[in-house]
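Next come two complexes built around subunit A: one with subunit B, the other with subunit C.
Presenting the complex of A and B:
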């Protein structure tokens, strides 16, 4: 059974079909790439999966159950974590607290237990603190734990965002252009990080990326979107040779992309 | 909020002991110092206490959670009239009445907050502004609540001791709440709601919690006010009062609890201290607001607490080539 399955999924914004008739199936443990020219609808697919948008057509199944209409909070709680194209950290919180926030759902202390510093609150806090520090440590971020998240350099912010998403213990992790703005050596390091994350945390990963070296280097299968529709799917080797894909990226098409 | 390193979990016993000591000091002052103090001065201090209670609730809602509420005086009104009704019609202790008045305000906060806080943006400002107006019109047209003439003949119970007992309770409540997982979630709501939802946290619930807690403490402030001068009037809770409280939070600094409390004390005392030059009072008051906004737009202690000023800055980050694996 597929962990995630999109069936003829589509969404219209007024007259614009941002995504249409998209079929996508991710088996457990997959590392799948989603590529396409600017404005192809890649981030919209992420927003459909995570419930920020509700699809106007088709269905989205997670672990065999439809998640259409469940909303971002419940979908995240069901086990889908994500990062954002434009990094969305909690700028006013420390690096450590950015991760601790992700544990909130798993804490048991009530409001009054928190205010009264009851034993259950103390246990919750101790556990959240230990878990968050351990996670930061595995990501090499522990030395910056007490710093403001907005004081981290760009590459580490990306890393923290991935760590924070993993703190929710997702089964599926959606990474939206994690290599954006990175130089080749940083992108190389990110590739190792993504592979390592999949092995260590046992997550299935769906990756949007423009950095072809990254996508071709780590993804087992790739789906290519153009104008909201799937134009190809296959292994990196197949995609590289696909004339339709080459045309979408390089061809002198009359359609102008609007990002 | 990205403060220096503190132990993750401290035993609460020291805090409880300090709190008990602070309560004892408050009642010590009430018993031994207040009788010798000029009642005019005591009155100013008590009104500062009520401002502190109203402001700490809005500091939580606006300063920490980032929700723009313009009707805080409306919740004070609910607390004041709730307390008055309980005290007039039952025989229970007036301070229990203040607590119940606070609960009534919290319930009003729930009614206003539940439909509104599901939305992001300026809806809350508009709805709370409307709520403030509606509650006053309701009181003015309800003979049972005294109408526009107000309620008189209430017992005078609010003194220094009770006021500052409530202030200490409120400060402890809100400080502990902010230093808990809930507090982190409030700050995360302010910073990025979409990211917070992607972590499976119910942002509406978090906002409603902050809003209801804020309304409760505004209600307590109102309750104390109703038992202070034996009477209350709807005109004490007009929109201008909401703006006063808002100004205290903004001047004190968003993302700070001690900043707004200092601003509340200063802006409550200032008109009294300037009374000898009363003709120029409003000029000085306005200039203070303008200068603060120019010199420190983040407010007195934006994002900091008073105690942070006495702590050393955290050590500079060490460059780390820490590989993931």
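Presenting the complex of A and C:
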């Protein structure tokens, strides 16, 4: 059974079909790439999966059950975590609190227990604190734990966003252009990090990325979107050679001229 | 000098009340970007809830400190339920629509509650003394009233409690996350609806406390008191930077002091004008308020 399955999924915004008839199946443990030219609908696919938008057509199954209409909070609770194309950390909170707040749904103390510092609150908080610090440590962010999240340099903010998404304990992790704005050596480092995250946390990963080196280097399979529709799916080697993909990226005219 | 000190006491006392109410505006604005015009009416309802509770329990006949505490807790709990109900019934169904819809609904809820108040409670009612009242003459001409002491101490205690909840509890951390970005918080598994509901409850509890404090001070309450104090407190929240908790406190105190200083040194007919002169000034020169974050939209 696939962990995530999109069946003929689509969404219209008025007359615009931002995504249409999309089929996608991710087996447990996959590292799958989602690529396409600007405006192809890649981020919209993420917004559909995480419940920010409800699809107007088709169905989305997570672990075999439909998650259409469940809303972001419940979908996150079901085990889907994500990062954002333009980093969206909680800027006013410390690095540590950014991760701790993502543990929220695993904490059970009531308001009275936390105001009165009851044993359950202290246990809860101690566990959240320890887990968060451990997570930060594995991402090399522990020395900055008390700093404001907005004071981190760009590359570390990307890392923190991935750490925060992992704190929700997801089974499926959606990464939206994690290498955006990175130089080749930072992108290289990120590739290792993503592979390592999959091995260590046992998550399935769906990745949107423009850095072809990153996508081709780590994904087992790749889906290519153009104008909201799937135009190709296959291994990196297959995608690299696919004439339809080359045309979508370079434009029909260029293709004809070079042919 | 005596005049200055006297107006300082009066100003801090008035400002503390503004600050308590302003916190409700600013916290709701922080989470929903909504100016909850019905907040003043929650405050008004708190005063009447305290009055009827005091009469029902007979605290007005035999005043006692435990009795007043029961009345206070009851009025604050009533306000919390009222605030959460308003949010659930009037605002939550509109959350996905344009913000203007919610704003207009807030004005509607405000008018509705005010008129319910007029129908149910009549125009003006006197509020009994529930606590012994005293005046101390500190030096010649400088008077400190026991009501001022009540207002200071209660306000400081409530603000410390609020600070503790926002900064040191799990729900407080979730509130800060939601106020930063509701969508992102939801995607991180934070139950946004519950956090918003809780924010309304906290703001309303503070309004309820302010209502009882003012009722014990002025001894008269009326269904329109929400618009008078509510509007001033809203100005205080904007002065401090709407959405900022320390800003609401600073704005409230500043406004209270400005009003009493103006009435002491210029003329009391100018005291309402000064609130709005300050508002216009801040909107011209520092639109984000004293403690407000200056946000730049990235494109």
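Note that in this section the second predicted complex is superposed on the first by the 251 of 259 C-alpha atoms of A that agree within 3 Å, B and C clash if a C-alpha of one lies under 4 Å from a C-alpha of the other, contacts with A are read in each partner's own complex, and residues count from 1 in each chain.
Following the convention adopted for this analysis, a residue touches a chain if its C-beta (ideal position, glycine included) is under 8 Å from a C-beta of that chain, and two chains touch if they have at least 3 such contacts.
A quick note: this is a predicted structure, and the numbers were derived from the prediction, not measured.
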| task | Could you tell me whether subunit B and subunit C fit or clash when both sit on subunit A in the superposition? | result | clash
| Touching A:86 in the superposition: subunit B (first), subunit C (second), both, neither? | second
| message | Quick one: is A:37 in contact with subunit B, with subunit C, with both, or with neither? Answer first, second, both or neither. | response | neither
| If you stack the two complexes on chain A, which partner ends up touching A:122: first (subunit B), second (subunit C), both, or neither? | first
| Taking the superposition as given, does A:178 touch the first partner, subunit B, the second, subunit C, both, or neither? | neither
| task | Using the superposition on chain A described above, determine whether A:55 touches subunit B (first), subunit C (second), both, or neither. | result | neither
| message | So in the superposed three-chain picture, is A:10 touching just subunit B, just subunit C, both, or none of them (first/second/both/neither)? | response | neither
| Looking at subunit A, does subunit B or subunit C touch a larger number of its residues? | B
| said: On the A-aligned overlay, A:228 touches which partner chain: subunit B = first, subunit C = second, or both, or neither? | reply: neither
| said: Quick one: is A:146 in contact with subunit B, with subunit C, with both, or with neither? Answer first, second, both or neither. | reply: first
| field | Residues of subunit A contacting subunit B in one complex and subunit C in the other | value | 50, 52, 71-73, 76-77, 81-82, 84, 88, 90-93, 97, 100-102, 104-105, 107, 109, 111, 114-115, 121, 124-125, 128, 164-165, 167-168
| task | Provide the residue numbers of subunit C that touch subunit A in the complex, in ascending order. | result | 161, 164-165, 168-171, 173-174, 176-177, 179-181, 183-193, 198, 298
| remark: In their shared complex, subunit A is touched by residues of subunit B numbered 1-5, 8-9, 11-12, 15, 172-173, 176-177, 180-182, 184-185, 187-188, 190-192, 194-203, 209, 213, 255, 303, 314, 317-318, 320-325
| subunit A - residues contacting subunit B, complex | 50, 52, 71-74, 76-77, 81-82, 84, 88-94, 97, 100-105, 107, 109, 111, 114-117, 121-122, 124-126, 128-130, 138-149, 151, 159, 164-165, 167-168, 189, 192-193, 196-197
| said: Give the list of subunit A residues in touch with subunit C in this complex. | reply: 50, 52, 71-73, 76-77, 81-82, 84, 86, 88, 90-93, 97, 100-102, 104-105, 107, 109, 111, 114-115, 121, 124-125, 128, 164-165, 167-168
